[in-house]
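Data block below; observations after.
Should a chain be cited, it is by its letter among A, B and C, assigned in written order, with residues numbered from 1 in that chain.
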Amino acid sequence: MNTPLLSTHGLVARYGDFQALYGIDFEIGKGEVVALIGANGAGKSTLLRSIIGLLRVAPEMVILDGRPVGGCRPHRMIADGVAIVPEGRRLFTGMSVEDNLRVAIDHARVTRNAAWTLEGIFALFPILREKRRVPVESLSGGQQQMVAIGRALLNQPRLLLCDEISLGLAPKVVREIYQSIPSISQSGTSIVLVEQDVGLAKSASDRLYCMLEGRTTLTGRSRDISREAIAEAYFGGSHALA
Amino acid sequence: MTETVAINSDGPGIVRVQRQTTSGFVAMALGTSMIAAIGSMPWWASQGQIRDVVELCCYIAVAAMWNLLAGYAGLVSVGQQAFVGVAAYAMFVMAQLWGVNPFFAVILAVSAPALLAIPTYALLHRLDGPYFAIGTWVIAEVMRLATSIFAYVNAGAGMSLRVMTGYSADQRAMGVSFLCAFMLLVTVGGSYLLLRSRYGLALTAVRDNPVAAASQGVNVGRLRFLIWMAAAVGTGLAGAVYFLAQLRITPPSAYDPNWASIAIFVVMVGGLGSLEGVIIGALIYFFADRWFGEYGAIYLVVLGLLTLFMAIFARGGVWGVICKIVDAPWFPTRRTLLEDKP
Amino acid sequence: MHWLDGLIQGVLLGGLYAQYALGMALMFGVMRIVNLTHGDLMILLALTGISLAARFALGPWPVLVILVVLGAIIGLLLQRLVLDRVVGSDPLPSLIATFGLSMALQNAMLQFWSADTRSLGAGGIAQASFQIGSLFVGVLPLIVLLTATVLTGSLDATLRHTRFGRALRASSVDVEAAAMTGVNPKNVYAGATAIAVAILGFAAVFQSMRATVAPADGPFQLIYAFEAVIIGGMGSIWGAFLGAMVLGISQSIGFRIDPGFGILAGHLVFLLVLALRPQGLMGKV
């Protein structure tokens, strides 16, 4: 593989006295879809938060286009082409769907000939066109997730980080949202999917990383990895399923 | 002083809880003798010294009450002068207009701030944080303006405590000194007992995380109201004692926003959320006022900037800095688990 | 006529209060940042303007331009040097920090300008008035009211329809999420505080033309602005305007009942709103 779009090298992160990540080596190439799986508290969200700049890490721990960017503030990372669909959606309540999306347009990486437009988002998620004037908090969970994804896309990312986009949604809605992944990826955007549902993660991704207690325990091509190997990496050796 | 409590059935069985420390015993002994010394001032101190000590004690009392509010109940008030003023006026009315013994009137007068605390809390509890703070200020302004047009208390012209001429200087000194010692006992001693009681644990929990405390069965609203009420009474007592020594009261002096400034300065510089900080802060303020007060406005500019500096760089105040160096609390409120070695 | 006159004077007074309240509505109502120096900064700008006018023989309008620019700079510095360091989930540090700064500012002004009350010469406009029926309406108070209306409309439109406004609303809801959408919250907050204090530049000029200012007046203006924002409803810019009108009318009518009752009437109406409609007149539940 050529130089990856983004990579982390021995990434260490802590919340105060609590160390959450113990030297993560991770990489993603252009146009790739990489899944990040692991139990609650394994450090998946922490890894995303470190990449996007919400947690302070050393510069050389995160490399984007061969440049050290660790510890850059989130708005710098957005300007450099990394966008995030945050855990729990984190929409701007009290503002309309369109205004939520416009905040992203206002602060997009590129403004001319942008890959994603408001129309493009409405084509991807038609329901949002109907609801564009409505305050976001009155939307259903699935619709809110669509706004969160649309908002991240309108930042015109080269790399999209998705943190648990299926959490708390009905299976039908999850399917609907995951159907949008290939069309996002076709536009050349790389995607990191943090996902609890291993089957979903495996089928939607090219490669996957499994995390356990702040370390990566398994990595490889999604279609080559057996369920047994995942189970062992997911729960740790001693709990491996027979 | 250790208690033996069964904590856990499958653990070592019984654990001892340590609640007192050596430094605490020393401080307790010193504190008790201080209060005795203050109560007996007429036998050893001059009139001027008594006046100074009364003033210092009033600062300590008002600040100790503000510390309870801001440091434990999460209620930041910048309108404590409402309680100072209303209690002082109640004392003047009882003593001067109703003929109650003025020293006894000081004690009775705390019913006025207690009464005021009920409607003010009912109105203000909906406002959180900073909104609450400015709300308390509005209440104090309302009290000041209303008193200024209330003819019964001589409106804006204020009142004099002429009944005090019926007592000799010695009698007055004795009364004021005794009330002063009583006030310290109630405010500082009362805070200490409260923080050591099971309410103290609940208060610490509320301060650290009100939502989590509520989910653990602490009635946060009721606890806050009780603290608001207690602080109103304690602050009012200080107001009544202060103006008993002043002999004269006017609406601007009774409802002087400076009371809130002093409380905030004392607690923030001394150390929020600790009784030690209140005493250190009050001493710093008292001596700074004596030594630098003559510089007037410039001195207050420095005081203001110092408060700003503490808020930005040293949230724990002077006591916080001391605690980092040596762990010797004067008022230990912690519970320390001691494991018995078999 | 007596009461109608009171009502009209109240609305005109409300125009001045609206100018105090707008910056407060932006910082307190929208950004949820507490700034106890709000009133003192207005007084600082007013005294600076009066001194500049006297020293360089300036008319009120050049002074207005200078004070608005100066206000923006002061706001920027205030946010960067003080508020950025203390604003967080715990409101106490920002409250205490601005409390200390307010005390320092008031006393520094007292030292520099003394306790005297001062005002800005407004020329003929201060006395000019016209008659409607048997009522007299001052030209200057009317200009103040119109300015307040235009400022309110502009600020409201800025928040609703501009890039800056959306970024500010987003940051106020969830500062971390806004950052993850590409907003630089520090710049947005610095801009908002600059706007809030710049608006005080208008208030400073009109206050010192209509009435007088003294170094110790700040806390009163702070309370009026706070009351207007709460009466109107947190987060609503037009609400603050409405709240300022309610406050102005209450004071004016109260003053006609008894001169000592004017300001008290304003406070009592505020407490009444707090008791009966705590979310404010235009606030959402």
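Points to keep in mind about this one:
Note that a contact is a pair of C-beta atoms (placed from the backbone, for glycine too) under 8 Å apart; a residue touches a chain by one contact, two chains touch by 3 or more.
What you see is a predicted model; the values in this text were computed from it and never measured.
Inter-chain contacts peak for the pair B-C, counting C-beta pairs in contact. If each chain is reduced to the average of its C-alpha atoms, the one that sits nearest the average of all protein C-alpha atoms is C.
Averaged Cα coordinates give subunit A a centre that lies 44 Å from the centre of subunit C.
The distance from the centre of subunit A to the centre of subunit B, each centre being the mean of the chain's C-alpha atoms, comes to 52 Å.
With each centre defined as the average position of its C-alpha atoms, the distance from subunit B to subunit C rounds to 34 Å.
Residue positions of subunit A with contacts to 2 or more other chains are absent.
Contact residues of subunit C toward subunit A in the complex are 163, 166-167, 169-170, 173-174, 176-184, 235.
On the subunit A side of its complex with subunit C, the touching residues are 52, 54, 73-75, 78-79, 83-84, 86, 90-95, 99-100, 102-104, 106-108, 151-152, 155. Against subunit C, in their complex, subunit B makes its touches with residues 70, 76, 78, 122-124, 126-131, 133-135, 137-139, 141-142, 145-146, 148-149, 156, 257, 261, 264-265, 268, 272, 296-298, 300-312, 315.
The part of subunit C that touches subunit B in the complex is made up of residues 28, 34, 36, 82, 85-86, 91-108, 110-111, 219, 222-223, 226-227, 230, 258, 260-261, 263-264, 267-268, 270-271, 274-275, 278.
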